[in-house]
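One structure below.
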Amino acid sequence: MSTLHYDIAHVLDGSVLLLGFLLLYQRRMFGLINIFAFQALGLALAAAWQAHVHGESHLYATALIALSVKAGIIPYALRRLIIHFGIHRTIDTALGIGPSLVAGATLVALSVMLVLPVTADSAALTREKLALALSTVLIGLLMMITRRNAITQVIGFMALENGLILAAVGVQGMPLVVEMGIAFEVMVAFIIFGIFFFHIRDRFESLDLQYLESHRGERR
Amino acid sequence: MLYMILGTVLILFALGGAGLVMGQWSDRETVEGWIYAGSAAACGLNAALMVGFLVSGASGMEAAVPVGLPWLSARFRLDGLAAIFLLIVGTGGVLSALYGFAHRRHTQDPAWVAFFFPLFLGGMTLVPLADDAFSFLLSWELMSLASWFMVLASHQHHETRRAAIVYLVMAAIGTVAMMLAFGTLAGAAGGYSFEAMRGADISPWAGAMVVLFVLVGAGSKAGVVPLHAWLPLAHPAAPTHVSALMSGVMTKVALYAIIRVLFDLLPAVGWGWGLAMLAVGGLTAVLGVLYAVLQRDIKTVLAYSTVENIGVILTAIGLAVAFKASGYAALAGLSLVAGLFHAINHSLYKSLLFLGAGAVVSATGYRDLERLGGVIHRMPVTAATFLIGSAAIAALPPLNGFASEWLLFQALLNGPRLPEWALKLAVPVVGALLALATALASACFVRVFGITFLGRPRSPEAMMAKEAERGILVVLVVLAGACVILGVAPMMVLSIVSPVVETLMGAPPLADGGRGLLWMEPLAERDSSYSGLILLVAVMGMASLMFLVRRQASGRLSRSHAWDCGCPDPNPLTQYTASSFSQPIRRVFATTLFRAREDVEMPEPGDVSPARFTVSLYDPVWQWFYRPVTRVIGWVADKSDAAQLMSIREYLAIMFAALILLLTVMMVIR
Amino acid sequence: MTVILFILGLPAVAAILLPLAPSHKVGAKTNIGVCMATFCVSLALFFVDRPTDLLFFIDDFNIYLVVLTTFVGLTTSFFSAGYIAHEIEHKHLDVRNLRFYHAMFQAFMFTMLLGLVANNLGFLWVAVEGATLATALMISLSRTQASIKAAWKYFILCGVGIALALFGTILVYLAAQPVMGAGLHAMAWSELMRWGPQFDPVLLDLAFVFLLIGYGTKAGLAPLHAWLPDAHGEGPTPVSAVLSGLLLNVALYALLRFKMLLVANGKTLAPGPLMIGMGLMSLVLASVMLYRRRDIKRMFAYSSIEHIGLVTFAFGLGGAMANFAGLLHMMLHSLTKSAIFFIVGHVAHVKGTQNLADLRGLTVSHPPLGWTLVLAMVAIAGLPPLGLFTSEFLMVTTTVSQAPLLAAPLVLGLLVGFGALALRLQGLAFGTPRGLVHTGGGGSLVPIYAHLALVLVAGVYLPAPLVRWFEAVSRLLG
Amino acid sequence: MTVSGLLSVGLLAQIVQAILVLALAPALTGLVRLLKARLQGRRGASLVQPYRDLACLLRKDVVIAENASWLFQAIPYIVFTMIWFAAVLVPTFTTVLLLGPTADLIALVAFLGSVRFFMALAGMDTGTSFGGLGASREVMIGSLAEPAVLMVIFTVALVAHSTSLIDVAEYLTGTDVGIRVSLLMALLAMVMVAIAENARIPVDNPTTHLELTMVHEAMILEYSGRHLALIEAAAMVKLLLYISLILCMFVPFGIGTRADGFAGIGLGLVVYLGKLMGGAVILAVFESSIAKMRVFRVGEFLGGALLLGVLAMIYLYISWAV
């Protein structure tokens, strides 16, 4: 693998992580959706580049899905949801922006520490790429638990998924990447449908309130 | 022979199952009749076989049945120790079954009692036979489970359910402790057969743990203080014939487990455990009987008295451990013989007392002593047999209770030979505790017999009581006869028990003074001896002499009102009650120990409402042992309940935290 | 291979066709028929050569799980037919919502079986994910707020879990690819086990952490169990039965496959302590939680957590005995727990409530049902002669000899849980009956007896082939 | 002596003793009463009075309560036989007793326990409040006295290496015993128990019928005629028995052993009578100089005796490795 190829791939992967950080930084809903779209775009490019370099044509499908679904349809659908339900357009944080960023940085450090012992040559994926993907996954999860809005949680979930796909496309010749990607999109779609059908306005648990009171006597 | 016994167990299980099926079509009385008759036959056969086995002195026999753990299969082994306990099970079983048979027309228990009864017996028969940990515990737990169902017979009452839950949980604790003991013995390779355990090389530390676990596991089943709490709740709650089995037989099966592990499976047990068992046994004996003397419920009194007797037997076992650890094999054997003999005796007189009490309870409908009285006139046979049982349990000569206690005291008197100072000093104290327990037991049974059978009836039902069914009387008379015979000719039992103990200890426990079956003479070098038969004959002779004198005296007898210092009161309520009877003992012993308090509520002068007298007892064992545990569990349960009312985001956060934690741990380790 | 195709094909086709069924009755009958057919076909596995290719395979580990799954599926379909009919009769369910119920049931069966027979990490993952979707829909069947909420919670938590599991799966492939080269065979269990010793242990470690959290969520291990009581409590009872009886097993199965891989590698950090930790935590937490339950289904859901924790603990401890115990316990728990949920369904029908406080004295008011409940609860409490006693015996004895210190929390958890169950058992089965008594309803108890009979037999006798399989798997599990 | 000679002597001595205890017991009681009366400045009844009382009672008809059971009528015989038998067992003037090996000290204590058991039942049988009161107090006293006496016996038995009465007496007459602190303690405990067991002051008062304090008398309140005679006689024998027991265990000197031959045994009889009189004097003096205690103090009194017994036994270990 030539250095140029490697560098470009690295830059693309790095941009996915960077955009992940930006997701943590955002305070406004629409901005968040836009950044997510960009992250998906970055993922698509990375997949496409991998497909190009290694000649694994099925990865083009992955890139296409990322581009169309994650960078296109889902951001659009989320925007419509916000407008349709009149959802708050500011992000309600459980952990402040600053601390979230610090936590994110810590997670990146943790990821790097974790992959350090991996023998460099033995892995199909370089340690750097693995660390990037791992960080992206963890940051996505962090996003899910430090932001209260339903939409932000969906985005966090998808950011997590971006990290997964990033890892998957990075490995040479991983079978079933497309299939698993699709399976994942189905789940994401379910969540979004769920929000839509169950009229979850602000939070995942906004269903709870009356319900908890009458919860089969389990609550006293 | 072993296969025959296993066959009877199979028959017992089949009886339970068949009863369940037949119960759907046939009428209850017939079905229960068959079940009880079948159980009695099976147990009787077992007992007879065991007598044959013990008398013939046949060597052990083994069998493996391809069930249970696949690589182990269920192993059974019949040896002398097992045979002794099987004899107890068989005897207790046949008599209780006969009681159940005789009583079946008047029973008010739910039908399931009859179905679980043979299962219970089957379980108890299998425990001494089991030769591997798995079948042992399976039978053990089967025994607990079946008896638990029968404890629930009067499940409509809240107290019964409470008793049952305490019982079941304590049984589970006991079983788990036994599992731990056997697990330690078996080692990581899973040598679950007793044979493998005997040969296992076990570290002293592990051996100590085994002893601890067995004492907790089997001790809780036997009712050793402070693990006895379930016993006085559960034994009285069960139907009479089951109470008799639980108190008379099941506790012995638990002791079997202790003996089997301590003297057979473990290569050596430190003297410290002997000391511990002596202390716990003495304490159990005294506390048990003190509880007993303060109770109002006749069956509860009997249950607590079981605790006392278990304490006595445990003391004997502890003494055997101490002697064995110090190299006195013969004395260890003597102690163990005393313990086994007492176990046999207790199984007899406790069954007798429970069945007799059951007859009274079913005739009057009361278990409360304060409602009984004067029953001796209506139920003379029951009264006479109960009197013999009471005298036996109070260790009065020439009955069997005395014979075994005498033997135990003889063993105790050799305590000074023990090399360790702690033991030397413990032995007299334990001796004092046992003596105290014996004396209190006497007080306790004066009270039970006196209040129940003597005096004037304290309720109309007691006045109208009818003598029990003939079948029940037969059972009672047989048991009472056994108590007398074993007391008069104790060597009958000892001569078959001592070879068994000899194989365990490696030295003959009883010095045969050449005087044969007539004399109990435990130690050759000391001249202490006892002969119940000669004693009985001599006393009889003197009594007949006295009748010669009586013929010279005035023979006239007339009846009149009681004198009562000139102020007789026709109201039977002016009699001494059970509570007032125990008042002096309560004041002397229970004031500090149980914080007994007497509250008198006197009406104002002129007020005609009755005065009330209430006694409140405080049970230190519950207070310091059980309540904190339940409280802690309740508290934790309340607190952790909040864990199911968090939001999804918080659950995700927990998941995240778990992930990060595991990753960090991994990072650190790498 | 044909057998596998049938086993997978039957439910798959049924899942597609069932929404077209004209009425729920036809649907229920078809459902039973398909389950019966699947079960019969799965029995053929005992007699044919074990098929293996890069996508599907049958070995000692999954053969009995496949049969168990189809068996529980069959009994559940029987039970579910009566249950659904009763629910509709009493207007608890809307016929319109039912259109997809049977289809989802078959889809669920398909995913379970796929997960079990898949010789491919990816298929396994897809199957578990698919199961999440199918069950989420079934849980929300009654469309009450509570059920939707439960389904939602289930879906989100398991969704995240499954995502983490995917990451773990990718990491395993990452470890395998340099050694085995790219391609499907680098994701096939049968191949991976052969090459395992050469994989990078660090990657496997990392992967196992993600898989433990991921599949552990699905298996309901504490502290990842939050979805489980709600899903069991609010979903229709047949769904609770298959959740406890099948889904938890399959999730654990997935985890165990990975554990085998780590064991085969030999250079990784031991996965045991992690499993021991989570197992014990589940055991103790669930045992404590059992005490304050007021809803019978939620109570048994916690009991499932307890038992899964126990099984996980046993596998974490390792060694021939503990693994054997774990495998046995896994099988018997699924039989017993699904039987219990069947009974609970009947009870809820005849009493019209799931509230523990209103359920009293069932042996008096409904003797056959009450005594069946007693038997089942005796079984789940680990009392002999039923099979769970055997496995708990092996667990406790092995623990105390292998790791005496671990015996303390194990025994504590077992006893605390036992206390709660015993308390509830007495309350439910004995005492004076309380509350409404509906007559009729319920339906046949035969499926329950079938389960309990198997558990009873296992308590005294284990057939030799089963033992051989267990022992073979035990060796692989280290 | 040969074995058969020993047997015949033993039988003879046994019969003599059986008659002797019966004959002496009323005289002993009479002596104590007489001495007490003299100490109190009264003339007192003659020594023969107890015999007359018993004979008188025997001649009288029996009146029993309506609801008294067969047990009530049987108990006087049981009690008397048991006490008599127990007294027969205790070596008084000789240790060559036929029945000696039949029962040892422990059995003896158990016999006395049986007596208490049946007496208490008799008290409860008529269903009067006084009977119950007496019985309840009696068992309380017994529950402490019995272990105390057992402790005393254990101490003595450990010294003598046997619980057999004969061995104890023979061993303690030997010279190698010496005076031991534990034996003194045991003696004290034994005396305390004996006082309580024989219903003497300060535990009970054999002459009172004052409701609040009586124990023994309360139990036998309903007896009359020959029954009462038997019970009274039993009480007298019991006093003799206890004094003999103390003598046998602690001052066995002069007792005729198998080595002493007939002359020794004859001498033993004389010595025994002397010792008995000494015991009566001490008892009378003691009773005259002390006041009766409250019933619930009895617990402490006997508890003290029990503790003394235990201490005696423990002290034995410390002073001398057995």
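By letter and in written order, the chains are A, B, C and D; residue numbering begins at 1 in each of them.
One rule holds in what follows: contacts are C-beta pairs under 8 Å (C-beta built on N, C-alpha and C of every residue); 3 or more make two chains touch, one makes a residue touch a chain.
Computed from a predicted structure; not experimentally measured.
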{"item": "Higher-contact pair (C-beta pairs counted), A-B versus B-D", "value": "B-D"}
{"item": "Euclidean distance of C-alpha centroids - chain A vs chain B, Å", "value": "68"}
{"item": "Euclidean distance of C-alpha centroids - chain B vs chain D, Å", "value": "35"}
{"item": "Centroid spacing, where centroids are CA-atom means, of chain A and chain D in whole angstrom", "value": "99"}
{"item": "Inter-chain centre distance, chain C versus chain D - centres from mean C-alpha coordinates, in Å", "value": "77"}
{"item": "Contacts with 2+ other chains: residues of chain A", "value": "114, 117, 141, 144, 153, 204, 208, 218"}
{"item": "Sequence positions of chain B contacting 2 or more other chains", "value": "644, 648, 652, 659, 663, 666, 670"}
{"item": "Touching two or more other chains - residue numbers and ranges from chain D", "value": "none"}
{"item": "Interchain pairs in contact, sorted by label", "value": "A-B, A-C, B-C, B-D"}
{"item": "Chain A - residues contacting chain B, complex", "value": "94, 107, 110, 113-114, 117, 138, 141-142, 144-145, 148, 153, 203-205, 208, 212, 218-219"}
{"item": "Sites on chain B touched by chain C in the complex", "value": "66-71, 133-134, 137-138, 141-142, 145, 152, 155-156, 158, 161, 164-165, 168-169, 172-173, 176, 179-180, 182-184, 186-188, 190, 192, 209, 633-634, 636-638, 640-641, 643-644, 646, 648, 651-652, 654-655, 658-659, 662-663, 666, 669-670"}
{"item": "Of chain C, residues touching chain B in the complex", "value": "152-153, 156-157, 160-161, 164, 202, 205-206, 209-210, 212-213, 217, 223-224, 226-227, 229, 269, 274, 285, 288-289, 291-292, 319-321, 361, 378, 383-385, 389-390, 393-394, 396-402, 404, 407, 411, 414-416, 418-419, 422-423, 426-427, 430-432, 460-462, 464, 467"}
{"item": "For the chain A and chain C complex, residues of the former touching the latter", "value": "114-115, 117-119, 121-125, 130, 133-134, 137, 141, 144, 153, 157, 160-161, 163-164, 167-168, 171-176, 179-180, 183-184, 186-187, 190-191, 194, 198, 204, 207-208, 210-211, 214-218"}
{"item": "Contact footprint of chain B on chain D as seen in their complex", "value": "18, 58-71, 73, 77, 80-82, 84-85, 88, 99, 101-104, 106-107, 110-111, 113-114, 116-117, 120-121, 123-133, 135-137, 139-140, 142-147, 150-151, 154, 157-158, 161-164, 166-167, 209, 211, 221-222, 225-226, 229-230, 295-296, 299, 303, 306, 309-310, 313-314, 316-317, 321-322"}
